[in-house]
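In the two assemblies presented below, chain A is common to both, partnered first by chain B and then by chain C.
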Partner chain A sequence: MHKDAESTNITRIETFINIVTGWHFFLSFAGLILLFFIIFKQLFSNLPSWLMFIGTISIIFLVGTSFFAGIQLRKRTRVGRTISLVINYLGFIFSFIALLQVLGVFLGVDALAKTFGSGIGWLAGVLAGYLIHAAGDQFHFRIQIEELFRKIGKYIALVFFTIFLFRVGLIKALIYLGKQIIIPTNLMIAFLVILFGIAIWLMWREETGIYLHRNNAQTEALEGYLFLSPNLLGFLIFFAFPLVFSFYISLTDWDAFGNSNFIGLANYLTIFRLNLKPLASATQNFIQVMDGSIYSELLRFNLFGKYFVLGAADARFWISLRNTLVFCIVTVPLSAIPALLLSNILNSKIPGMKIFRAIYFLPSIAAVVGISLIWQWLYNATIGYINYFITLGLQFINSIFATSYPIALIRWLSESRTALLAIIIVSAWQTMGFNTVLFMAGLQNIPKELYEAATVDGAGRWAKFWKITLPLLAPTTFFVITTTTIQALQVFEQVFIMTNPPGSPGTSTLTIVLYLYQNGFQRFQQGYGAAIAWVLFIVIFAVTLLQFRSQRRTGAYDV
Partner chain B sequence: MNQKFIASLIVVLVTFSMLLAACQPAPAAAPEEPVQPAAEEITLRWRTRPDNQAEIDVYSSVSAELDGAMEGVTLVYEPGGSETSSYQDVLKTEIGAGTAPDVFWIPGTDIADFATRGLIMDLKSMADKTDGFKTTDFYSGPMYHMTFNPTTGKTGEALWGLPRDVSTFVLYLNLDLIAEAGADDPRELAKAGKWDWDAFLDVSKKVSELGSDVYGYGANAWWGPYGVWINSAGGGFFNADRTACALDTPEAIEGLTFERKLYVEEKVAVPYGEDSEPPFLAGKVGMFQNGRWATPGTRANANFTWDVVELPMGPEGMGNWLFWGAYVVNAKTQHPEEAWKLVQMLTTAETQGKISALGTNIPSRVSQAALDSFLTFTPPDNNQAFLNGIAEASNPTAEGPLWAGSWPNYDSIMGPMISKVLNGEMTIDEYKQSICVEANKAFTQ
Partner chain C sequence: MNSFRLSKILVNTITYIILTAFALVMLFPFLYMFATSLKTPNDTFTYPPRFFPREQSTIELDGYDEPLPLYFVLANGEKKEYALVQSGIPAGVYADPNDLETAFAVPLAFVKPAIGGGEVTLPDGTVQELMDVPVEGKIMQLVQVNRTALGRFVDPEDTTKEIYQVVRTSEPATRITAHPENYIHVLKMENMERSLTNTILVTIFVVVGQMVTSVMGGYAFARLRFPGRDKLFLFYLGTIMIPFVMLIIPLYQLMVLFGWTDKLASLIFPWIFTAYGTFLMRQFFITVPKDIEEAALMDGASRFEILYRIFLPAAAPALATLATFTFLYAWNSFFWPLVIINTGNYENHVLTLTLNMLRGRASDSANLILAGAAISILPPFILFILGQRFFIESAMSSGVKG
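Our next item is the complex of A and B:
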């Protein structure tokens, strides 16, 4: 009897495995046919070449792995099960996303944002129901009253929730969904989702696993990757792929609208095309020594009594790089050093200190656009508050001390000399609060015994700061410096909002991210913009690498 | 446990229902009571760049009216962001993603880029078959570019859309400040035919003498304001066929030299690069150069007596701009015929009249009735100054695209260099030596 059951069970497992094996061979075959049609341009010929390329590679991969999985399953190996699970899991995810897309769920989410408001008030009723339900707990001693409260609460919540669903358009959604799902293509995708789902279930079953000699390591690995998969897939699709894709774009003259030619490294050559020529005199026009239709003057300088001019095919790139580096070099210490001092002050246990901590942290959580607009007004040369208070201060000093300091309005954002500085002040002010919190977290980790021992040894406040606080804060300092540097090298929003036109006056606030944005989104040069992005990536990578090396030398993280 | 279960159940139910509710199609114009289009109806999305909520409301009501008039078509109006919200950048991204509306508005300077890249539809074949449609119903300046065929290089051989409206520069006057300074009233000078650069400088100087934070003149930092000084001296941005830079011609240099004088030598202007509108509205600027789009803001915020006057005459006339933008049809629209019909309906005299009533725009149709109607939209009292600016006699230069090059590139070279000149960081000679060497690169790109 027991043997019969076991035999039936084995037959069933065999059948399941055979079904999945057949499914994999079918997938390989279907993939081959799809490839045939793609290669002979019978399908998807209107898609961009890069998408065709990626699609073709993916299908080849699917054909190969699915065939391999089929073979391995025929041999009843656990490798076959693993590969089968991975393929079917990926197939399930992608076909499910495709189903959501064709059903219009993603667009529907947008629509929901608009209709949600009309129903949100009814959710208060749901909350009230829940509160009434919870209020029943107060009557443990009278079970009937407790039950009554719970019932009333439950029904109130249910009624209000139903009204809410009507208001946000559930019925319409159901009707729409019904109409969409019966469209043949959509129905086919839904069927595919179910098939992948069944294949996963058949392979995932405990009995199938045991039959195919699964071991603990394999099970743990599969479960681990399953939990990791949302993040891993998100990383691959939304980070790794765009990164690789942007590199491909940087090798083309793509304008974002389908017009694209592969131009190799031409974009990079334009960026790095420089020309150094000697000048006859300091004032000689640069077009007399180099081709003005290619180069623009970037820099002229005196070296050992001889004048030189440096021309660049894209001078604005180099100007933006210089501005960005200046911005970074000044902003990082300006936002880190005051943060360090502030964190030491805020770390003390004075009453009301928590309020100050919140105040200093506020700018870092406020929207950059809002902050930038406010600072733009503050900086206004004629009616801004900053100049107003400077004027008041100078008038006061002149009247008290009988001095005659000239009252000249500082043109914070409209003069090349001050514009970048104005942006630096705002950025440093905004970043300082967050850095302060990081330093405060670092301060909490310093053992108090060290300070007590130092006090016993007669060390003063300053000595304690230099000899204990600063060295032991080194890991935090390293983190603050690195993240602030990366952030500073990517400065964009403040410049974009505060200067008009962005990057002005002249090119004094043109930063590298702003420049790549202008190329990519305003001048229809996505390929060139992508090349600039890659150069910036290399700059950031190099700077960060230097910081890590310097940290290793000083052993900041070894503390 | 029970409570926890109910709370969890609610969370699951809410999430599931949200997902289900998300399956419903995107709502039409009025989200609260979405109108379900009949099965055979088509939906047309259209967008324009409004300057304020009042304009959004008017465009919405225009859309609702046209929706009723267009049989078998449901219109969905999408107010785009303002200029500072990067209207064009968002639009371009949407075009790239294939989600842009069927009909949308773009500035005149963008027409060439959009047309040559195949992003907007040539409507000529449909226009030729349309009874009663004439391109001559609109101002000739914008229509030169709207009918330009980049392949043949000839105008009149295409139709990229129709102008939504036109505008021009005037000087918004703080009459209280001018009176306080004892300067002549610019409106009277204009009437007497004495409103020229010298008279303008005289008024500016007198107003500036009222205080260190008071300025005679103010304008914002973009190509429009400095362009008029160049134009009125007889110069221009480009050569006659718009195939090369002309910013270094003696006429262009004369115009720029005069403007530099206002900023650098005489210091009668709000420093170049500072937004001049806030100080003007705060009563610190005597004459603020801007277009019709500044009227609603001035009406709402100016706490002084104000009016407008046309720009002063330079050596070669007023040199004003004819600003314009146009409704165009997305090249990928599924409903070109309906989109073309919508473009026509959006530019009828009646529709333009409704929008002009807000005070932001001047109708783009050459129609005396439309202009007469425009004059009634006061304040300012002297609306005629706007019309004087666009009159053929004033020979305004139509804002336009660069068919032989890239306007964004040209602008990004010209703007920073002129900014240096007007900030006193570059001499006129240095500018003259290098401007066209650099700006001509925009034609080879």
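Our next item is the complex of A and C:
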């Protein structure tokens, strides 16, 4: 047929593949040179060691894979194309992100925020355009009208969005970018982006694919990773890596300014260092039995008539752990049991159910900060409603039963006996509605026939609740308790806002996360803070595991 | 039959009483917030607390430039609203020398020395002159035991009717008012306006960004076969339960490396790639029937076209659920902004941070603080009223087994 055309086509494909092959050998070689400079010429030696480590590893990886890709491409294999595409794609993405970073695009968000207020009104026009566009659906019986609506909506949205862009400084931003990109180093990165882009294009082309024996599985796999890549890369950078990194930090004495020494498990040893000593008398001075420069007193107790004192190297950690556990043990039932009760009532198809459900849900969508501010005033000792209601209640009781309970104004947030309780009440109040909705979802999964059968057998309300609802609701209950517990173990914002200074009075509301915050961001002992985070994680993991096992034992029915 | 009906009514009544009681407990703090945010500063300090914002009633009377405050007075044994026309009138407290307990406060101007009165020695040894004191229309011979200041109150309907009494102990006549200007006032304070636009901007970016990455990732997990997919998915699932606190220190270090501390970028980009969103979209996409997609593939449609034209329109409810979830997260977040945006850098504060600052700066103005709280709480509430279904579903979807 078109023999000539086909052969020129093939020569072209061959040339393209050869170009990419050369590119891979070049990349490999460039990587090697870079490695040489890093290792022997102390290039980048001012960067932190962990970053050097990661950088070196990735360059070695690049050298190896790129070399392999080059060899495979020379052999014209399918694998060569896959690896080449992956390398070039990653190279493209990372150099593109680097370009955005050096051009200042990410920091441009701040500039946008400055002018955003003046353009925000025009976004309403975009919304209106969208609504007109969507309103077209109402006329699906008249295709012309539908189309008209959609077109008008689209143009309105576009016009308003353009105005918005100009209002927030599109032109200024473009001028700025133009100035930035002609800086030589930035230009080089831009050039790198283009090179990677060209390599991708050469390999991705239909013809190249067919020439290198692509098959459906390969295409689908590449497409799969392509679709997943934004999420996966971001997830690795902002989640998986920090998670591993956090463990490394916990093994150092990192301060927030980048100075760090590897100190092994020393942070963990400090956290867990305890010492138990007998006391001669209940009031003996602590320093007489223990080294006061290492330990401070945690608690004294009486066992079989003998007095003991427990000292800890970091007493505040143990106090915060105790506070957090107390908080957790009280908050979880306080928010879960009423939720269980309410969900059962709401499930009985009574009129107005949706309104009640909506009302109960409200606290869980409001910002914890806002809620804490409200409750701070409700708890106010002299003018707050909580004390007022208590006073009213006591007056009522006193007048009815002729008792004389003293009416004292409780200083909720500034008395160590009540501060933690006050925070527990707020947290339970806030999570209760959310748990109610979760329980309702669980209740809807229980087959109605079971209740009908039980009614036929003459079972009463309570019998049905205990014998059917509770066992069948076990998976939901498990979920509710686990999530509420995990949340409760991380309590921070309520304490931070409501007590002043946070954790006061004394250490009565010091929680683990608050202690972590104080260490990591106020005293800037980030290594120690990271170690506390890992201890908290172990506590959370243990609690979850414990609940998981107890759920197994009670034999939750799977519905 | 009748007793059955009766017991049913009884059960229903009890049910509604319980439900309403809980509803009141849930609503009261918010109602308190709105009511207080409309109050005047003085009004927030009353005890017993008054729920509705109230202020002193006033009245305009001829001959007076300014509106006069109204108080309750006892006129001829009746409680009536009188206007205060003059205060701080020097007055004496007078009592019968033989009965010092019942005393009357009368302006000094109305009192004259009693004709032929003379002096009386009181039990505490002081010597006082007997005076003619007009009390309730009669002249009595009394001695001065103390000094005070009185206010002159007049009947607004008949300004000749006057009554003198102590202003401080008089009960002011009040009416319900509202001061919505508190909201404008608080927006002008502490950079609130800027932090509101910052919050909106950050929220838009996070919601849109997370939807894009979640939709693409979810589609890949649900519909495309690639090596390592199932293991990767398990890894994603396993990380959902890992608390954010674990990441706060390393993420801070990462931001330091990127130069993003104090920058809004640090509030946006780390939060648009989540395992949870991907999981949610994957769970939805897996339920979409396969045949339409296969037909489209046959016709030569690309994967992007399929995702955009077939999956996205079908996924509207799931997207809305994800959007509400992300919106709440971005709008309400406090811990991360607190760590990453320096207290000194007001420009890039978000609402929750500004509220935290406001708590310190305006610590005695409950009306302003709660107006600020309302500004942060209202937008989620409005969205909740518009799309309640999606909020409830996003709550329920977090409870799906798996």
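To be clear about the criterion, the second predicted complex is superposed on the first by the 501 of 559 C-alpha atoms of A that agree within 3 Å, B and C clash if a C-alpha of one lies under 4 Å from a C-alpha of the other, contacts with A are read in each partner's own complex, and residues count from 1 in each chain.
Operating definition for what follows: a contact is a pair of C-beta atoms (placed from the backbone, for glycine too) under 8 Å apart; a residue touches a chain by one contact, two chains touch by 3 or more.
None of these values were measured; they are calculated from a predicted model.
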>> Just checking: does A:Phe521 make contact with chain B only, chain C only, both, or neither of them? Give me first, second, both or neither.
In response: both
> Touch check for A:Phe434: first (chain B), second (chain C), both, or neither?
Replying inline: second
>> Applying the document's definition of touch, where does A:Thr382 land relative to chain B and chain C: first, second, both, or neither?
In response: both
>> Per the contact definition in the header, classify A:Ser416: touching chain B only (first), chain C only (second), both, or neither.
In response: first
> Of chain B and chain C, which one contacts the greater number of residues in chain A?
Replying inline: C
> After superposition on the shared chain, which partner residues are touched by A:Leu107: those of chain B (first), chain C (second), both, or neither?
Replying inline: both
> Of the partners chain B and chain C, which touch A:Phe161 in the superposed model: first, second, both, neither?
Replying inline: first
>> Contact-wise, after the overlay, does A:Leu342 reach chain B, chain C, both or neither (first, second, both, neither)?
In response: second
>> Taking the superposition on A as described, I'd like to know which of chain B and chain C A:Phe361 touches: first, second, both or neither.
In response: second
>> I'd like to know which partner A:Lys172 touches here: chain B for first, chain C for second, both or neither.
In response: first
> Overlap of the chain B and chain C footprints on chain A, residue-wise?
Replying inline: 107, 109-110, 112, 114, 117, 256, 376-377, 382-383, 521
> What does chain A use to touch chain B in their complex?
Replying inline: 103-105, 107-112, 114-115, 117-118, 126, 130, 133-134, 137, 150, 154, 157, 161, 165, 168-170, 172-174, 176-177, 180, 255-257, 259, 285, 287, 292-293, 296-297, 316, 376-377, 380-383, 407, 409, 411, 413-416, 500-501, 503-507, 518, 521-524
>> Residue numbers of chain A touching chain C in their complex, please.
In response: 48, 51, 101, 106-107, 109-110, 112-114, 116-117, 120, 217, 220-228, 230-235, 237-243, 245-246, 249, 254, 256, 258, 338, 341-342, 345-346, 348, 350, 352, 354, 356-371, 373-378, 382-385, 388, 429, 432-434, 437-438, 441-442, 475-476, 479-480, 483, 486, 489-490, 492-493, 496-497, 513, 516-517, 520-521, 526, 529-530, 533-534, 536-537, 540, 544
> Which residues of chain B touch chain A in the complex?
Replying inline: 2-3, 6-7, 10, 13-14, 17-27, 31-32, 34, 88-89, 92-93, 95-96, 113, 117-119, 212-213, 215, 220-222, 270-275, 278-279, 282, 284, 406, 408-409, 412, 415-417, 419-420, 423, 425, 433-434, 437-438, 440-441, 444
> Okay, in this complex, where on chain C does chain A touch?
Replying inline: 12, 15-16, 18-19, 22-23, 25-30, 32-33, 36, 44-49, 193-194, 197-198, 200-201, 205, 212-214, 216-217, 219-221, 224-227, 229, 232, 236, 239, 241-254, 256-260, 263-265, 268-270, 272-275, 278, 303, 307, 328, 331-332, 334-335, 338-339, 347-348, 351-352, 355-356, 359, 366, 369-370, 372-374, 376-377, 380-381, 384, 388, 391-392, 395-396, 398-399, 401
